[in-house]
Structure formats: structure tokens, C-alpha cells
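First the structure, which I've put down as C-alpha cells, then a few questions once you've had a look.
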Amino acid sequence: MDTAQGYVLVTALALPLLAAGVLLFVPGSQKMMARYFSAVIGAILLGLSVYVFLAYQAGGDVLQMQLRWAWIENVGFLGENGISLHLGVDGISALLTLLTGVVAFAGTLIAWKLEYRAKDFFILFWILIAGVYGTFFALDLFFFFFFYELAVVPLYMLIGIWGSTRKEYGAMKLTLMLVGGSVGIWIGIFAVVHEAGLGTFDLPTLWEAGQNGLISAETQKIIFPFFAVGCGVLAGLWPLHTWSPDGHMSAPTSVSMVHAGVLMKLGAFGIIRLGIQILPEGAEFWMPALLVLGTIGALYGAIAALTQRDFKLISGYSSVSHMGYVLIGLATLHEVGVSGAALQMFSHGVMTALVFLLIGALYDQAHTRDLSDFGGVAKVMPLWVIAYVVAGLANVGLPGLSGFTAEFHIFVGAFRTYPVFGGLAILAAAIAAAYMLRMFGVVFFGPLNPRWKDLKDLSPLETISAALLILSMLAMGLWWSPFTDRLANTVTSLPGVIS
Amino acid sequence: MVPMENYLVLSGIIFSLGVYGVLARRNAVLVLMSVELMLNAVSLNFVAFSAYLDPDKATGIIFAVFVIAVAAAEVGLALAIVIRLFRNRSTANVDEAATMRW
Amino acid sequence: MAEHAWILAAVPGIAFIVMAALGRNLPRQGDWLAVLCATSIFGLFFAVLANFLNLGGGAWPVLNSIEWTAIGDFKLNMGIAVDPITIVMLAVITTVALMVNIFSVGYMKGEPRYWWYFAVLQLFVASMLMLVLADNLLLLYVAWELVGLSSFLLIGHYWERRSAVEAAKKAFITTRVGDVGLLIGIILFWEATGTFNILDIIHYVEEGAIGDTRLFVTMMFILLGAMGKSAQLPFHVWLPDAMEGPTPVSALIHAATMVVAGVYLVARLLPVFEAAGALDVVLVIGLLTALFSGVVAFAQTDIKKVLAYSTVSQLGFMFVALGAGYASAGMFHLFTHAFFKALLFLGAGSVIIGTHHHQEMGQLGGLWRKMPITAGTFLIGSLALAGLFPLAGFWSKDEILHAVEGQGTFFFFLISIAAIMTAFYTARLFVRTFLGKPQDEEIASHTRETGPVMTLPLVFLAFMSIVAGFFIFHDFGSAFGFPGGFSEFVFLHYPHAFHVDWGLVGLSTALFVIGTFGGAWFYWNGRLDRSTVMAEWQPKVYEMVQRKFYFDDLYQFLIDRVVLGFSYLVSWFDRFAVNDTGVDGSATMTGYAGFLLKHLQTGRVPNYAMAIAAGVVALTLISLAVGS
Amino acid sequence: MTTEVLWWIFAVAIVAVSAGVVFARTVIHSAIFLILSLAGVGAMYLFLTIEFIALVQFLIYGGAVTVLILLALMLTRMGIAGRPEPTTGVQAPFGALVAAGLMATLIGVAVSTAWPGDLGQNAVAVSIENIGEQMFQNFGAPFMITAALLLVAFIGAIVIARQEDED
């Protein structure tokens, strides 16, 4: 059964790559064909992701649906299981797989209206998605890094070719910073494999090595910052976050959705997979530093968002703030806090994807993102405003939506370990209310600016995407246990996590 | 017989003179001749090693043969380039052929 | 039925979903559904009450909970707890909600987004019921936020008006600041006891599970939340602005139910407050609020603003009672106040409709001729608020005075002053609005009495304003659902059998008479010459009162200059220090280094050869040095 | 004894003519000194009693290569025109320094190293048969490749140096 389910993972991983390959042979003029094909692929992936999430047994083993295909063994310094395509999910990656399915499908529908080189866009898009799935599934350090990079690289072209405001600058900065982070991860990976001395890249084996002393505590303390900072760049770790506002500002809508929604999570996920699981002692040593940076990020992003004038900048800074929460949750090393971090990854993913979807829907018509240009938009775009208000309230942490579920767990964990930082994090949530409501007030309400009287509401495709995302937020907000139950075993099994 | 070190020292002196020629002279043909000096010094070295250390295998000697062969090829090509250079730029001074820079 | 009291919250919750999804397409935009829903929960409440009383005191509180989520050792249950204090809140909420729903059918007729208004009203009712039914602080917090959201949506109902949007924003953010405190407090409780369950927490605290300092700090955070919701000083600023919302909303949310959530919370946790030694803080805050808003109410000219400050002041009274340690007195004032203040707000709403949207006292006057029912019920409400024997307000205020008696003469004196002020501004309000001559004939000529859909709720609430006070009596209470009378029913560790203290009754009546006649004398028959005496005598002071002691200005200044200024600073720092200097700076440095180093690339072969030769020499020497 | 004296005379002469190659004022002089230097090295091979390599040296270097160089000199008309410009570049002093350093290093290494398996006085002559066997048994492939290399190089040289029509 386990292996059979493993083939589901292989399918989810191979399908987007296959889609990219097939699209190569579709003539560039056949836009509709590329769109329909991508929509079908997106729908299948959504189905597979939902299956993976639901089929993950809450009470069972931590790692499920495992599958291993050996690749390079007993060559050079590599011993048994040297490098193998080892796939599997734990509770955290099952949750993030669901997130990927939802956001990727929504993103595909949003990319529908893209006219310029639609086929090429989808090719790169699916390569990116394959990278994301691969990173979440990989239980082998080599393939983890491989897929991690596979997800990062297409971004450069996706932003550079299809982007808007200062796209070359945004794409270049984003790529350089992320690749810089990857260098750190790569160094860390080799250090870990060498120090463990087992001649294998297999993650579960290395996790054991990290816990039973094969990698000494001193070494762990040295290696951990490479992983933390390397992955932290992608997770928007302060002060390495500046690619986020600029990158989001220039990225096209569906790329922003996938990027902020899923890719940023890869960074935090990497900190768990590589940092906490391989290097528990290093993690314990460095977590206070990560906590401080996370808290600064949470407050800093929220405060900076208060006075931004551009929609996307507000969302960019709010992403910094929310990823700060994720880091706080991880840094607590407390079972509730770490669960909260995982929940926050999901919550922020769907929420921010929705926000970027909506910003894109407005920008396509208005061609401006300056808040002060608008006013009373609720009159002409009621659906749009409702969706935005829901996303905003999730952002603010309103109970009943996913944001509260996640933030509550993070706060509880933080209070158990570092109460002062917990308090500061809650304060950041209050500031979030201020910047969200400020934007609502300026843009949605008040008298309608006659310049915008012809704005159209969400199209059917956008409505479907938005509804899917809102549904995800409501699901997590209203009924916690399907999510928390799946995380519980995984989180408690993480080394160094206290209760 | 003179000891091997004598050959080595002699070859070292010739090599260094060749290096000086390469570094100091401006004329491309002269630079080429200096390179020939260096190659000769190296061949001498090989042959000396072969004779004193391992006469059975004669590896050094065979190397010297190859060096000579390759040197012949090199000279042929290099002189062709020098002629081309002279024809195009009316100079054979190496420090005046400086287009391959930023 | 009592253990299934969650149905009370579920019914309006489902109604909200149905109305939000279909409302616009339902016949009459679904207002009948709202009234039906309110009626059914009103009926269900009596089923719950009957069952609750049948179970008897031994079975109280009635509990019902399910496991919600669990991560390792972290377990969370959600459920309801029904005890007398909940019953009181349920009574208030279901009754006022029904009246307001009916009234709204008339009031909101023809207004934009009619269906949405009723839908959100149901959401509010559902959340409010959830808030009072919750057996744990987390569920309470969830509901606490949801009532805040409903309040936000309803205050901003006329969002085309900039002022409504600003008011909604202000309300949400101000209470949100308090909520931060509440959430911190809740988590601190969990941190100390490992549970969110209110009864367990009280139990742990009574056993002394939490250290003194820590408990005090926790309670201060909890109190912040209560102060924010109940608009206590210095969080009061949002409530008067919230009058931008439709008037029935003001009656339901900003007078009778949501704003008393803070009082409810403090009453719930009163044993903990006492154990923490935090009661004095509650008392002082309540007293300051009561006095402060009483004074500000003098200078307001908008009917709803006067009522809003009156509400703030009355909430202060409730806090004073709780601070004195008398949960029953606080809850009793909450109970009676809900009826007469809802009555007054709905009366104001009736005036607004009857005069076609005029609510400035300066333009009204003499309305009793045109609107006799509204005027009559409003008079009853006013007298109840001012404390006329034996109306509802009299008894509850009497209880509060009795509670404060034990706190020393100074506090007693101040609370008496506050009571006089209540009577004064109430009299001013009634006299200027309903008596005397119309100030504006144009408006007066169009004024009509409102229809029965609006006047019937007024009459019912007027009736309640008369009789609600009698629940304090043992026999009356026992006969009508509160066995043992109100204060015994809601004893909450403070058994306090009620008896009439005729001395206090006399004093109380004296306070009423002084205040009312003062107010009436000043403003009788539109005598503005008398009323402007104060303004002319001390213009500075008058302006200060009218400007609400500059609280709003101070906050505006703090937000504009300090908070937003800090935000600009951070944005600037992010742009110039982190991005342009740190990130782009390193890129620029790389480029500049390349600009410098490219000069090494001369393109001259001899230079390269030189470098090679020198490198060979250097490397050989290094390897020799290292090798030896 | 006479061999050693003769050796020393040859050694000094080689150094002298090699110096002549790099220090000579005109290119023609350098070329003549180069021929002498190459011949001297050939003589050194004779001292080592390896006649084969000495013959190769005389034939290819002394003959073919120097002829090639002289041909190039004539084609570029250098050495004929007495040019006023300096014959050494600006970096000559540094070149001298580096070369001197290199020389010191090489001599130092050559003298101070204890060469393993040094036969010294017992060195035996390498027979030409031995060389032939080694060359064609163990170095067959490199031999072929070298042949191909030479062919390619000379074709390349012709292509590069060819007079083009438009010139």
C-alpha cells in the first residue's frame, strides 16, 4: 500500500514535467490548447494533492507513501543508498502538498488571460511546480536541492519576461539573492554528508546521524547557519527579505501567487527538513537568533506596510511579516509553535495567493496600483471587494479564517518558550489590522471615484480560483482537527521539540 | 662522465634565458625563438633524466622526440600567425597587438 | 435543552449563511427570515431557561463540550457552559435582538443593502450568543473577534460616507488593541494552568496555582480586552463615533449587548480579579469613565452622541460595581440598562425616521405633539436611566450605590456625582428633543409618528424598563424566572440577599431630583440663554468638554505623527539602508570591483606571460617553503 | 677527463650563445645564435651518448626550424630594416628579475635534490634499438596523434598565412 501510494507522489512529480515536455511540441499560436491542457493538468494535480493530504494517516507513521529508486550507489565515496530518488511525505509536507495543489490550480486559471507567449509561460510554470512538489516529496538531500533549484530558476525568466514594474531589476535581484542562499545550502549539504561519513544523501539516515551523535554538536552549530540563512533568504528572513517587495511588484499575477503562496514556504520547509531534522543541536543553539530575526521581521513588515502606497508592496511587506511568524513558530521548538508554523505556511500561502490574484485582477483593468488613485471600488466590484476583505481579515488573524488558527498556535508556542516575543508577535497582528483596514477604507469604500466606474468585477475563472482559495481558508479556520491531527505526530517526532 | 646535476643546471640556465627573452623582447619572432630555447632546455632535462635515472625505459628520450615534433608544429603555426599579424597591422611587436582586452 | 443551548447560536449562524448567499434574491430581501430567526431564538431561550431551572442549582453550570484539537500534550476542548450569568446574558441578547430586528424592518426600509444589513445582524447575534455560551476563553475570544467584525461591518454599513468608514475602522482598530491584551492574557492563563476552560481556571486560581505578580499581570491584560470592548477610558473613543452605523445597530450592539461583553468578562472572572487584587483598578477605571463621559455628554448636541456618551458612562457604573466586588450589582445594571438604553436608542431611531433624518437637538424640540408614542416611551426610558423610583434604572443604580458604600466616602461621593450627571444630561436630552417649541418649523411640519413596526418594540422595551428592576426582589424574581431574585440567582461567590435600604432610596431619589431638575431648568422650553451660560462664562472649559477633553485629537496626533511617522521611518530604512545600501550596494560594489580589476586585463601577451612566470616562481618557492 | 673539459667548454659556449639569442640587437643575429645554441644542445646529447636524439636535434631543429624562422624573418622584412625603436619592452627589468629568480630556483632545486636511483658515473648508454622498441610498443598511439597534429598544424599554418584575394 505504501509503495502504491508512493506512485501517486511520482505521478504528482512527473506530471508537471511531462506537461512541460508536451507543451514544447504545441505550436506557440495554439494558445487555447496550451491553456486547456494546463487547466486539465492543474486539476489533476489538485486532485492528487488532495488525495495525498487526505490519505496521509493522522495516527500512522511519520513518513508515509515512501518509494525509493536507487540512482548512484557504491561509487567513490558513496555507499549504500548513496543517491536515490527517495520520495515520501510527513504531516508537514502533506499539508504543503495540498497548498501547492490549490495554489497551482488557481494560478493556472489566472494565467488564462495571459496573451504574450502563453505556451512558453506554461512550460516554465510547470517546471517550477514540479520543483516545488519535488522539494516537498524528496527524502534525499541531493534531490531535495535539485528540486529546490528547479523551482527557483524558472522564476527569473517568468518575472523577467512576463513581469511589469522594473521587471529586470526585480528578477535579477530575486534570482541573485536566492541563488546566493542556495550556495549556503549546497555548502551545508556537503558538510553534512561528509561529517556524517555514511556516504549517503538519504535524509532519514542523515536525520538519525544528526540525532545519535555522528555529527558532533560543535559541527552542527557551525553548519546550521548555512542552512538557516540559505533557506531563510527564500523564506523572507529579515534582513534578507528585500527581494520580496520588489520581486512581487514586478512578477506577473500567477507567478506572484505561486511565488508568495508556495515558493516562500520552501525556505521555511528547508529550515525544518535540513536544519531542525538533521542538526537538532545546531538548531537548538541558533534558534534564539532566528527568533529575534523572525520577530523583527514580523513587526518590521507590519510597520512598513502601514504607509505603503502600492497594493503589491503592502502584500510584499505583509508577507515578510507573516513569514516572520513562521520563523517565530519554528524557533520556539515547541510542538504547538512548530505546528503553528506549518499551519501558518498553509494559511499565508492561500491568503497571499488570493491577495495577489485580486491585485492582478484590478491592475489588469486599472493599470495602476496606487492606493490613493482608488475609492469606492465596492460599488463596481462587489465580489472582488468581498474576496479581498476575506483575505484581509485572514491576514489580520480573524477567528474563523485560517490566519487565526495558525497564529494562535504560534502564539501559544511562543508564550511557552519566549513570552516577550510572543507578546510582540501579537502586537504585530494588531498592526496588521491597522494596515489592512487603512487599505480597505481608502480603496474599497468611500465615494466612488468616477474614473473607475467602468471597472469589471471578477471574471468566472477568477471567481473559481478565488472561491477555491477562500474555501481553503475557511476550512482551516473553522475545523482545525484535520490539519492539526496530521501535523501532531510529525511535529512531536521532530528532534529537540518540547511539549 | 659529468654528474647529472650539471645538465640540470645548464638546462635551468638556458630555460631562464628563454624566459627572459619571452618577457623582455618585443619582436614576435624573437619571442618565438626564446620559446624554442625553453623547449630545448626542457628536452635536455628529459634526456638527462632518462639517461641517468632510467635508461631501460627511455621515456625521457621519447618525450624529447615528441617535444621536438610538437615544437615544429608550434613554430609553423606561430610563424603563420606572425606573418598574418604583420600583414594586417604592419608590426610584429607583441605589445602592439592588444585588441583582445576589455 | 440547556446542554444544547449552542443551538441558540447555530440558528442565527445558519440564517446568516443563507441570507448572505441568497438574501438579495429572497422575497422582501429576507427581512422576514431575520425576524423569524430572532423570534425562534427568543422562543428557544425560554425552552433553555425552563430546562435550566428544572435541572436545579445542583446541576449548574450545565456543561457540554467536545475535543477540538490535540497536538501532543496540547489538548483543546470546545464547548458551552450555561450558568445563571449566561442565562441573564441570553435573556438580554435574545430580547433586544428580537426588538431590534422588528424595529429594523421599519427603520431600514428602502436603505441600500437591506438584505446585507439583516444578514450581518444575524452574524452578530450568533457571535454574541457564542460569546456568552463559551465555556473556554479561546471560544470566547473567537466570538469576541466575530462580534467586533459584525460591529465593523454594521458601523460601516453606509460605506459611501467617508465618516462611516473612518468610524468603522476606528472601532475595529481600537478594540483590536484591547484584544491584543485579551489574547495575551488568555495565553498567559493557559501557560500557567494548561487549560482555557473558564471554570477550571477559576478553580486553579482559587487553589493558588498562579503566582501573585503573574496573576496580576495576566488580569491586567484581560482587563485591557474588557476595557477595549466596553469602551472604558482610554479606549472609549470608538463608541461615540460608532453612531455612524444605523440606529438599530447602535441599540443592539453599541448599547445593549456587545459593549457589555467586557462587563460580562470581568464578572465571569471576578473571583480571579479578586484573587489578583485587581479589583481596585477596575473600580478606578470605571469611576473615571463614568465621570468623564457624563461631563462630555453635557456638551453633545447630537441625540445619538449624547446616548453614546451616556452608554460609556453607564458602562463605567457597571465597572465600578464589579470593582467593588459586586458581580450581581454589575450584572443587574447590565440587565436593566440593556432594556432602557435599547429603548432610548430605538426611540432616537424613531425620531430620526419621523423627522426624516434629523438628529441634532438644535433642530428638534416639541416633538411630543407629533410623536406621542415615541415621546412617551422615550420618557420612560429617560426616567429609568436617570433613576426614578421605582423604574428599572433606579434599582440597579441603588445596587451600585450600595456596593460602593463599602469602598469609602470618597468613591461614594464621586459615584453620586456621576449619578447626578446622568440625570442631568438625560433631562437635557428629553427636554430639548421632545418638549418646548420646535426649533425648526420646516422639520416639524414634516414630522410624523412612525408606524407600529417601530413603535411596538418601543412599547415592549418601555414595559421592560419599568418591570426589569423588580427582578431584584425575591418573590418577583422567583415568579418570573430568576429564582431567589436577581442577585441571589447571579450570586457568583457573593451571596448577597437583596433588601431595600430606605436611606439609600432616599439619597438616590435626591440625586435624581437634583439632576433632573437641574437639567430641566437649564433647557426648559428651549431656553438656550440659560444653557449657554456655561459656554460664555468659561469658553475654554466648554470647548475642552466639547472637544471630549482632546482625547480624539491626542490619538489622531499619535497615529499621524508617531505611528505613521515610525512607519515612514521603517520604510525609508528598508528602502535606503537595507535595500539600496545592503543589497544593491553589494551589487554596486561588485560592479565597481570589476571596473577596477578590468585594468589588469591589458590584452598584451607579455604581461600575461610575465604573470605566469612570476606565478610559477612564487608557487615553487611557496611549495618549497611549505614542504621543508 | 678530456670529456669533462670538453663538456665544460661546450656548456659555457651554449650559455653564451643562448644569452646571445635574447640579448642580440638584431633579429638575424639572434637567429644565428639560436642555431648555435640548438647545435650545442645537440652536442650535449652526444655527451650523453644518445646519438639518435642528437641526430633528431640537428636535423629538425638545426635544419627545419631555423630555416622556417629565417624564412619568416624574410617574409616580414624584419632585421633588414634597421628599426630605430627599442628591441626590448618596458617590462624588461621585471622580466630579468623574474628570470633570475627562476634560474636561482631551478639551480637550487637541481643541486639540492637527492635524485632517487641516480646512476651517476655508472650511467649506461641508451641503445637506439631500445628507443625504437619503446617508441613503437608503448607510445604507438601518441606517435600517431603527433603525426596527425603535425599535419593539422601545417594545414592550419597554410590557411592562416595564405595571401587572401582582397589583400
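The letters A, B, C and D name the chains in turn, as written, and every chain counts its residues from 1.
Convention: a contact is a pair of C-beta atoms (placed from the backbone, for glycine too) under 8 Å apart; a residue touches a chain by one contact, two chains touch by 3 or more.
All values derive from a computational prediction rather than experimental measurement.
If chain D is disregarded, contacts among the remaining chains keep them together as one piece. Distance from per-chain Cα centroids to the pooled protein Cα centroid is smallest for A. Chain A and chain D have CA centres that are 67 Å apart. As a whole-number value, the distance joining the C-alpha centres of chain C and chain D reads 101 Å.
If you average the CA atoms of chain A and of chain C, the two centres end up 38 Å from each other. Between chain B and chain C the centroid-to-centroid distance comes to 95 Å (mean Cα coordinates, whole Å).
Under the contact definition stated at the top, the residues of chain B that touch 2 or more other chains are 19, 22-23, 26, 94-95.
In chain C, the positions touching at least two other chains are 606, 610, 613. Annotation for chain D: residues 89, 91, 94-95, 98-99, 102 touch two or more other chains. If you draw each protein chain as a dot and join the dots that touch, the picture is not a line, a loop, a star, or fully joined; it has some other shape.
Contact between chains, as defined at the top, is found for A-C, B-C, B-D, C-D. Those residues of chain B that touch chain D in the shared complex are 1-27, 29-30, 32-34, 36-37, 40, 43-44, 47-48, 50-59, 61-62, 64-66, 68-77, 79-84, 86-87, 92, 94-95.
Remark: chain D residues 89, 91, 94-95, 98-99, 101-102, 105, 109 touch chain C in the complex. Within the complex, the chain A residues that touch chain C are 173, 176-177, 239, 241-243, 245-246, 300, 303-308, 317, 335-336, 339, 376, 378-379, 393, 396, 398-400, 404, 408-409, 411-412, 415-416, 419, 422-423, 426-427, 429-430, 433-434, 437-438, 440-441, 444-448, 480-481, 484-485, 487-488, 491-492, 499.
On the chain C side of its complex with chain D, the touching residues are 606-607, 610, 613-614, 616-617, 620-621, 624. Touching chain B in their complex are the following residues of chain D: 3-4, 7, 11, 14-15, 18-19, 21-22, 27, 30-31, 34, 37-38, 41, 44-45, 47-50, 52-53, 56-57, 60-61, 64-65, 68-69, 71-73, 75-76, 78, 85-92, 94-96, 98-100, 102-103, 106-107, 110-111, 115-121, 123-126, 130-131, 134-135, 139, 142, 146, 149-150, 153-154, 156-158, 160-161, 167.
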